[in-house]
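For reference, the structure I am asking about is given below.
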Amino acid sequence: MIRDFEGVIIKTVCRALVPFIQLYGLYVIAHGHYSPGGGFQGGCILAASFILMALAYDINEVKKRLSEKMNTIFCSLGVIIYAGIGILCLILGANYLDYGILHKILPADPAHARSLGILGVEIGVGFTVMAVMVSIFLNIASGGEHEGEEN
Amino acid sequence: MIQHAPVLIIILPLMASLINLIIGMWRKRLCYPLTVAALSACVLLSFAMLNTVIDHGNITYRLGGWAPPWGIAYLIDHLNAFMLVIVSFISLVVAVYSRVSIEKDMPKKINQFYTLFLLLVTGLLGILATGDAFNLFVFLEISSLAGYALIAVGDDRAPLASFNYVIMGTIGACFYLLGVGYLYIATGSLNMADLSGLLPDLYGSKVVIGAFAFMMVGVAIKMAFFPLHKWLPDAYTHAPSAVSAFVASAMTKVGAYVMIRIMFTVFKPYFSIEVIPASAILGWLAVAAMLFGCIRALAQTDVKRMLSYIIIAEVGYIVMGLSVGNRMGFQGAVLHILNDAFMMACLFLAAGAIEYKTGTRNVHNFSNLYKKMPVTIIAFTVGGLSIVGIPPTCGFFSKWYLVLGAIESQQWVFAATLLISSLLTAVIFFKILVRIYFGNSNENESSNPVFNEAPLSMLFPICIMAAGVLTLGFFSGKIISSVIQFTVPGSF
Amino acid sequence: MKFLTFITILMTTAMLAYATLDMPGFADPSSPASTHVSPVYIQEAYEKTATPNIVTAVLADYRSYDTLGETVVIFTAGVACMMLLRREK
Amino acid sequence: METAVIYSIKPLLAISVSLIAGLLIFLTGERSRNLRESWTILASVIKFTIIASMVPSILAGNVIEYTIISIAPGMLLQFRVDALGIFFAITASFLWIITSFYSIGYVRAMKEHAQTRYFICFAIALSATIGVAFSANLFTTFLFYEIITLSTYPLVAHKETPEAMKGARKYVTYLLGTSIAFQLFAIFLTYSAAGTLDYSYAGIFNSVRGNGVSDTFLIVTFILFMAGITKAGMMPFHSWLPAAMVAPTPVSALLHAVAVVKTGVFVVVKVVLHIFGINLLSQLGLGTALAYFASFTIIVASTIALRQDNLKARLAYSTVSQLSYIILGVALLTPSGITGSVMHIVLHAFGKISLFFAAGAIYVATHKTKVSELDGIGKQMPFTMAAFTLGAISMIGLPPLGGFLSKWFLGIGAIEAGQIPIIIVIATSTILNACYFLPIIYRAFFKEAADSTDKTPSIKEAPPLMVGALVLTASGAVALFFKPSLFLDLARMVTASVTGVN
Amino acid sequence: MEIMDFIISKYNYWMYIILMMIGFYAMIAKNNLVKKVIGMNIFQTAIILFFVSTASKKGATIPIIQHGHGEAADIINTAQYMNPLPHVLMLTAIVVMVSTFGVAIALLIMLYKKYNTLEEDEILEILRTEDG
Amino acid sequence: MIWQLDILLLIIVVICALAAISVKDLLSSAILFGAYSFLLCLVWAEMGAVDVAFTEATVGAGISTAFFIGAIYHTSRRTKD
């Protein structure tokens, strides 16, 4: 287990920084259309915020905010969102992942429907990347022996 | 619905694996039926696709609606459809088989196991279906990562074997990626069909030759072709039995498929045979692989390790068939992919059942096993005879075509090596079978063995595979005339 | 063993260098890579997907299936780590 | 001769009868021995009936054909019953009936273990033998040839002693090894050169010689074939046969006098007549070479037989030499030679099976295996030794026993071919045969038992089932001399079909 | 002089070859398993460097359409922007790299728990003594 | 693109790579690897591959290094080569 840092300053600064990092992560995901960035980078930044918390406090502090079960669900959920958008296109009558067809259910022309579709999948990617990175870090940093939750 | 089959066959196991992970947190018992249901649907889809391909020709599917080479396109032809059927069928059989052994080995990780298993299947099916060189790499990595993890949860030595596999597998995948990069810099395209149209003008270029070399080396690592086989015996020996059955029968065969794609679809046979001496090199390496695999297998006492070395020899057979460069040899190689998948699955499943019941993989402890587990042993015998190439079993028929192919191209050494390696496998299997059936009569005769057969959910898949090994032989003519002959490159 | 390593590395280097000889020069705008497929992305992407970042457009639309695969790779790695390391108490 | 092709499922039935019997035996198991053994008897009788029912139409000049499945172009699982096939099949299936009774007597008297396995393997081996007899192409032949090897392996290893395991290992190494390494390779070469594997009366190489197929290629293929068909017991690949004598005697009797070794010889005959054809072989001079090779085996094996003390080993070397008679006859490539060699298949079978049955009966009754122990046994076991004498005389080739007929034809064949040395070989080997059989008979009837304490040896025969069987086969050998018409007609048909001379 | 020009015109390619061989050497020759993993990463990043190098064009800028944000696009000059495709591919490749890395690290921890060392020769020695 | 800067950066990258695989302290090795990744990310940004550079910055220099340090805390820090 990562040992606790004693420094009050570090803890306080980290606590103050975490929301900003998370906000930036969300921005990167959402603004991927217009600037460098996207789901993957944003997800990594979100994960970095949790990792920072784990480093500054300890793993349980992270698990208080993002329970392991929740995290596992997020892992799957991201890919489900991605693949689900593809299946939605399939149901609407186009090929897999052909976002253009989404204009049937979205108030936008096909080009903007594609843009929205891209946003959708980026969010999915962001979810998965964040959850997986946090999960891998927690497992590696604790050697897999952190407290399980009682069912 | 059938026009979406190429993508559904990949999305179905993927979705099933995602849901598996979530529901497994609450209801671990639901994972198994969900897995089996998803894989059954895959089998149905793959058969439907094979049927469509036979009746109406190739299926193309544009993912995202973008035309190739800008978007990713699936192109299902006879070879694809055939391989999809093999892999999905074997995955279903192994999934059915896995229940008891997984519940015994890792009761707390059932959901994760099935998630990874389905991801492995997804990856392999994705490799088979795709018509895009880079997309192939992505699915290759999905299957490899799932494979690393599944192998690592085996016995005590598994993590080290898996780590070596990670290193080798990464080198292989990276070489493949580098080859794709070379092709991209030379042509600007990633689509296989597009590439095969663009490349003939560039056959003299050093970049293209380098691309071919790196792609072949990468694939050779993934399929454990002779000098690059070192990771395989450890990895397949120490993996859980259900996993080794699946990876042994499906993964190297998918590697062989990728090799066929590179040699005969992306590059024309003209290139791989005449422009550079690739087939000659591959042929001689295949000879070495056949001899090496059989000779090493001869010295093993661990049955799974012995089978792993035989896989190396079997990969040699397939590559030999490809390298002779004629119709017979090619048909033999493709038929051998099918037959070997069935034989290996049969043998590994039987070996897994024996290990499950007796707790040993050492052939010295197999004395008088016949009286304890007759059905499993009969299946093992059938598989062994098929590897040796005794006629009514399917192994004979692919060897038939391979040898005829070698003779047709005047490669006497290849033909002779194939027969010699058959003899060596005969020695290997007779040693084991004699021990199983007759035992050592002077050794603990008093302890009368009791009938102690594996549970039904293991026995049923084993019997299916053994029956498959027996019946595939009789239908090999039909398989060749209705599917395999269309996979042969036009210039043969 | 050391010798074998040396030979392997030497051969790989030779092959890499050999292949590089025929490559188009670095940053050559007229190389096949820059003229065959990619111009269409640059010209069409904004018009068809209303996304100015061409990389995002190609990543999540033209080749979105690759990206799905990429996400699945990440997911696989996560499940793999969970399976390998996690010890429930 | 008019030959009509009749499509009938009878060949398949004849083969599958004993397979089904094997399954029934497996299901019955040790629970009810009488039921289990009645399956064997029933199957053997049904099989013989089916095969016998095909004889009239074959004698009328027809050919019965049945195709199971076409595995690949030119690779059919197909049966074609012609004169040679029915000749062999009727011999094997008739002797199976007798051997079944004998086996039952033998295993019960010896209280053998694993009797179920024994009877299953026996049934499968017989199926495969009939399969070889009826096969229409080399592929089908090879398939059943391998099944015979595999199904007889458990029979040879039946005793499971280290010695038996060693013998069985030698057996399977020779048979399987050479068949994969040489015979299969020769089949590949044949297919790649001729494009077909179907037997034809003119020989399939006849038509392709000259266009792309060189003489060297043909010679190599022929040598590979001869080296690959180890079951025929030609030197230098003969030593599996004495090694296989560790098997129980009924196995030695049926398999190593009839089924296995005759399969080998049968395939040699098929290859010589139907793959290469007599024209081609005589043009290449291979027939003569094969004849001299066979002669070498005849003389050497007979000489070795002289020195064997173990009765079964002596019989085994005798078999090696007698098998080469058949090959010799075919290799002469003359009508009488072929007739003689085909006749020798059945005549040797009846004679040799009587000898083996007698050896088994002696073993069951007295547990004696050595020739030197047989002093005075003729008084103890008169029926057995009488049958033995008849069998031996048939082997030597004296009238009024069947063996004479085939030697007669072989001799005429040699004269037709103008091969005087062959006649000398036949004569020499007849003398040698006499030299190793007559001492046994002499010992049995005219010497006093050395170690017997009681001066009046009582009659102590083997169980009646066994004695009945061996008396039957010995009288069969006599009957064949006086009434060989069925077999002779068939043999003449074989000759006519390949030479055109009637 | 021509040779110098030739070499300089492809300097990126030579550099990636050097990096790749450093990684390759570490992967197959290093004794410490962590070093092998580092080598693996260097190997993969070298390939990424190669791909990114193929994407660049003289006088081109980053592949983001400059007058985006909803205004009507003018005729876009393709020579003006970098080739976006290799960038896309390499995003995927980086993800693959980090995934492999994660699995490899997890295996390393498993191995350390089992053998208490990460030196390959020491592990092999332990295995050899186990075999007896 | 300024090729002099490119070459300079690349040379430092190579030096970092060599250092990362040759130092005997695994923690230093991890940090050097982070530096390697960051420099490489600069090279790519300079070549115009901003998305790749961004990703490499978050992954190579950020998450990977964190993983590495986590792993090294759990295993040993010293190595023979």
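General observations
Per-chain residue numbering starts at 1, and chain names A, B, C, D, E and F are given in the order in which the chains are listed.
One rule holds for everything that comes next: a residue touches a chain if its C-beta (ideal position, glycine included) is under 8 Å from a C-beta of that chain, and two chains touch if they have at least 3 such contacts.
Keep in mind the model is a prediction, meaning the values are calculated, not measured.
Considering every other chain in turn, the ones in contact with both chain A and chain E prove to be B, C, F.
Averaging Cα atoms per chain gives one point for each, and the point farthest from that of chain B is the centre of D. At the far end from chain F, in terms of centres built from Cα atoms, lies D. Of all chains shown, the one whose average CA position lies nearest the global CA mean is B.
The distance from the centre of chain C to the centre of chain F, each centre being the mean of the chain's C-alpha atoms, comes to 19 Å. Each chain gets one centre point, the mean of its Cα atoms, and the points for chain C and chain E are 10 Å apart. Chain C has its Cα centroid 26 Å from the Cα centroid of chain B. Residue numbers of chain E whose C-beta contacts span two or more other chains: 11-12, 24-25, 28, 53-56, 58, 60, 62-64, 68-69, 85-87, 89, 91-92, 95-96, 98-100, 102-103, 105-110.
Across the assembly, chain B contributes residues 14, 18, 21, 63-64, 134, 138, 141, 145, 148-149, 152, 184-185, 190 that each touch 2 or more other chains.
Multi-chain contact residues of chain C (touching two or more other chains): 16, 20, 23, 27, 31, 33-34, 37-38, 41, 47, 50, 52-53, 55-57, 59, 61, 63-67, 69-70, 72-82, 84-85, 88. Of all residues in chain E, only 9-14, 17, 20-21, 24-25, 28-29, 53-60, 63-66, 68-70, 73, 76, 78-81, 83-89, 91-92, 95-96, 98-100, 102-103, 106-107, 109-110 touch chain C in the complex they form.
Residues 8, 11-12, 15, 18-19, 22-23, 25-26, 30-32, 34-35, 38-39, 41-42, 45, 48-49, 52-53, 55-56, 58, 60-64, 82, 86-87, 90-91, 94-95, 97-98, 101-102, 105, 108-109, 112, 117-119 of chain E touch chain F in their complex. Residues of chain B touching chain E in their complex: 134, 137-138, 141, 145, 148-149, 152, 156-157, 159-160, 162-163, 166-167, 170-171, 173-174, 177-178, 181, 184-185, 190. Touching chain A in their complex are the following residues of chain C: 47-53, 55-57, 59-61, 64-65, 67-68, 70-72, 74-75, 77-79, 81-82, 84-89. Taken in their complex, chain E has these residues touching chain B: 24, 27-28, 33, 36, 40, 43-44, 47, 50-51, 54, 85-86, 89, 92-93, 96, 99-100, 103-104, 107-108, 110-111, 114, 123, 127.
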